[in-house]
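This is the structure I want to talk about, given as structure tokens.
A, B and C are the chain letters, set down in written order, and residue numbers restart from 1 in every chain.
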Amino acid sequence: MTLHTIFEYSHKGKSSVRFPISGDLDINNLLPEGMIRKESLLPELTEVDVIRHFTRLSQLNFGVDKGFYPLGSCTMKYNPKVNEKIASMSEFTDIHPFTPDEISQGSLQIMFELQELLGEITGMPHFTLQPAAGASGEFTGLLIIKKYHECNGNTHKNEIIIPDSAHGTNPASVHLAGFKVIEIKSSENGWVDIDELKKVVSDKTAGLMITNPNTLGLFDGNILEIANIVHEVGGLLHYDGANLNAIMGKCRPYDMGFDIVHLNLHKTFSTPHGGGGPGSGPIGVTEKLYKMLPVPVVIKKGEKYFLKYDLEYSIGKVLASHGNFLVMLRAWVYINMLGAKGLKKVSETAVLNANYIQEKLSPYFKRAQDQRCMHECVLSGAGLPNGIHTLDIAKRLLDLGYHAPTIYFPLIVKEAIMIEPTETEDKKTLDEFIEAMIKIRKEAESDPEILKQAPVNTPVRRLDEVNAARKPILKYSEII
Amino acid sequence: MNEQGGKMSERKYTESHEWALLKGDTATIGISDFAQKELGDIVYVELPEVGDHAQAGESLGMLESVKASSDFYSPLSGEIVEVNSELESQPELINQNAFEEGWIAKIKISDKSEMDSLMDEEEYEAHCQEEEH
Amino acid sequence: MTFIPISDNDRKEMLKDIGVASIDELFEVIPEKIRLKDFNSFEGCNENNIIRKAKKISIKNREAAESICFAGAGYYDHFVPAAIDSLVSRGEFSTAYTPYQPEVSQGTLQAIFEYQSMICELTGMEVANASMYDGATALAEAILLSLRSTRKQKILISSTVNPVYRQVINSYLSGQSIEIIDIPEENGCINIRFIEENANSETACIVVQIPNFYGIVENGLDIRKAIPDKVDYIVCADPNSLGILEAPGKYGADIVVGDCQTLGIPLSFGGPSNGYFAVNSKHMRKMPGRVVGKTVDLDGKTGYVLTLQAREQHIRREKATSNICSNQQLAALRNLIYLSLAGRKGLKEISYSCMENSHYLAEKISSINGFSLRYDAPFYKEFIIECPVDASKLIMNIFDKYMIIAGIPLSRFNKEDRKGLLIAVTEKRSKQDMNLLVDALKEWEEK
């Protein structure tokens, strides 16, 4: 099915949204001539055109609402619809961010309660809800680390240690914050190599950024020792909370020794992924870092809530607003519905499901490592017969009605396939997925062409990404 | 033994897979066939500018493929006197012929002795074998 | 409610297949010292009860949410057509993620392509990305792009740029050693002579906002003339204003950014919204964020893919053009649908309506004794009124009596400015709304 772009439905005389104007104001007298718009080539459409076009467009997409979406590292769990219902209440949508505190108590209460709940879950005593998403949260954490060392007169501390298995945003954020990246190799079993770590820590170490479980889906059992080693040289530990879905109610980043914890509400806390955002990336910190948080934070005095702007060593702001409020609201709904016991069950089931898949697929695919995984498992498409690669497996899965797992990440595993089922899938779905993977493995032997030609059942087949990068066409050209 | 022709026996190589071919006091440089295979289809080349200073071992520019991006390093020090502007519209020349049409730049070298610290063809091929394992 | 469909029986079977006796065995790798014995400090509830809980809290917002809003300063109460929520709530759009498998993500990818196209048209620029976190971070990223591409370390930024955006910019630049020079203002407008005298070959960029923070429409062409060659001209422009104001690309901007809350996104207590980012082809390969390109598939059919990905964090890592990962996709989709519904006529009318309303109100208010327009410069939908009393007290009083939020006191941004009130008027404000505010203010008239 070929879809036209929205511009192709444009026709002179069509319109939807209109606002009556008197025409009394003479713009030409008010504005300099060069600042008045001469022409606009936005399309002219009716509401029906728009509804049909986007309805059809949506049907070309695969979402969690359609089927199993085991994208490792992204936690594609089901998004409860009551989140949407509450997030569309006008008392929450129609309020300006600079509304005086006295009359926006509803929004402030939601934010404060969310801060507290995230504190219960992670053990961190103070939170900011300002950062917009994961990468923004990391950057915020790094700025806090920087400020902390500045305040202590330790500006020579300019190195941040990151394992080679880290997500791409980590080193990019480190560089932006003005630190030097020190990358350390993981050991054979995927854990941080303690000896390597001891070699690279020094007086210059500002901090260490890791996620636990790591990007291989493994819980690093040496975490307490790692924390000690970094703390001993005066460094801070920053937790990338992308994988929090594995440990809620089982252990807390605070207890692991982390000074800064950043979370992804759009992963662990069921706010919709939206095709790529918007998310929300709150940061939790220990007591000594409270004064460095971005402003404002939400505080409670008696029965009232306030925005507090005067934090002595605040790093300033990382977003113009107080954060993505409507995303926070959804997370508040989810956490309140599940309760502590429910969240614990979430992590237990997420880990159970991933181990189940890993166990069942082990006879057919190489495992990236030998241990029990946590909420996601990493397999490898290396060594498959007939020149079949991980990419072909992923494309064949699309034909069988699944969204492919994450592929080619983490970078330290060759031909990686990272599967994160989450806790919201039933056993039947898991079993069918396992069967599909086994089927594909067998096809790799007996019928490799099917894989190489895949997908054939999707709205488009494999796309020419090389040409798209060599000769980029980034907009519809006929309107200009 | 060579795959794509050219004066292979006089070519010298770096560990990071660049080659240099000296003629008088000007060296033509590029990346090796091994390197272009590793990168995959090259979609964009960020070239240095004529007049820029090149320093042996330091980044001279960047090669972009769909999935990866890689700096390329200068094998020698000197001044850039020419760049292969064909690569602007046809980056695939590097994939098609890394040693000939896919040349990247020409450097007027400042220190001929730097050539001695580069690998010759045999040493380089052994280096590539090692990397594959 | 947990949304977990694994039964106790299933669990038993699965544990058996895995080869462990209990779920706790799967967590044995966690050091005993930090294993939680209990975790039950807050209760859960069902859907009915969470709605009740939320409603109870929401009541505290009700009056403010229902009041007539004249607050601006970067967030505006514009009309949001019903079709947007209807389309955006479709699970195919909202529960998909980043289009890493383009074959099953053509909905998202084509939407981004169309969004990019519309932003280019609005701004008069050649290339746009899939969007950024918000206008402030987009502006910070624009500066970073300019610093990277010019390799200079000095920037000149107008003091008429939104002060909250300035704070975000300061944070984003704090990791580099950059000289930030403020361009002073004169009568609410940027001092162009200062640019002529201070911009030179060491300058990376000039940063301005049009309309500026005070609502004034600065002369973008005159500013352009003052900027030397090779110095980037960065314009931050409210996209809603581009229905009536000239596209910055047409008067020589090199990078154009802004906040898209004014394109079909409700106030939302500030978030989420998204920021747009547009450049000309010279900056294309260094532009941060996601970008979608048009291509063909194996059968020659048109399709869309994420492209120029090698610039992005997941490939270039520390050399990436930015650390950004997501692109606020659902917000960008709202913008796209909004612009499709408004179209060229609708957006022009909306913009014109904002301007018509703001001028009507400004005239009425400034004719009340004791109230005056602070600046005498062309403005779009916002203006500053000099009040006879403390503006924060004034607005709370008016809210209590009339259920109107009369504007934003400037003391919020500058403690010394007690009497300034920033008033924004959108197409949603009727003559009735505005007359009511005038009546409210008349009670404070100086006799």
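One rule holds in what follows: a contact is a pair of C-beta atoms (placed from the backbone, for glycine too) under 8 Å apart; a residue touches a chain by one contact, two chains touch by 3 or more.
Model, not experiment: these values are computed from the prediction.
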With chain centres defined as mean CA positions, report which chain is farthest from chain A. B
When A-C and A-B are ranked by contacting C-beta pairs, first place goes to A-C
Between chain B and chain C, what is the separation of their C-alpha centroids in Å? 44
Taking each chain's centre as the mean of its CA atoms, how far is chain A from chain C in angstrom? 20
Dist(centroid_CA(chain A), centroid_CA(chain B)) in Å evaluates to 38
For chain B, give me the residues that contact two or more of the other chains. 43-44, 64-67
Touching at least two other chains at once: which residues of chain A meet that condition? 465, 469
Counting only residues that touch at least 2 other chains, which ones in chain C make the list? 309-310, 315-316, 319
Chain A residues touching chain B in their complex are 408, 465-466, 469-470
So in the complex, the part of chain B that touches chain A is made up of which residues? 41, 43-44, 64-67, 91-92
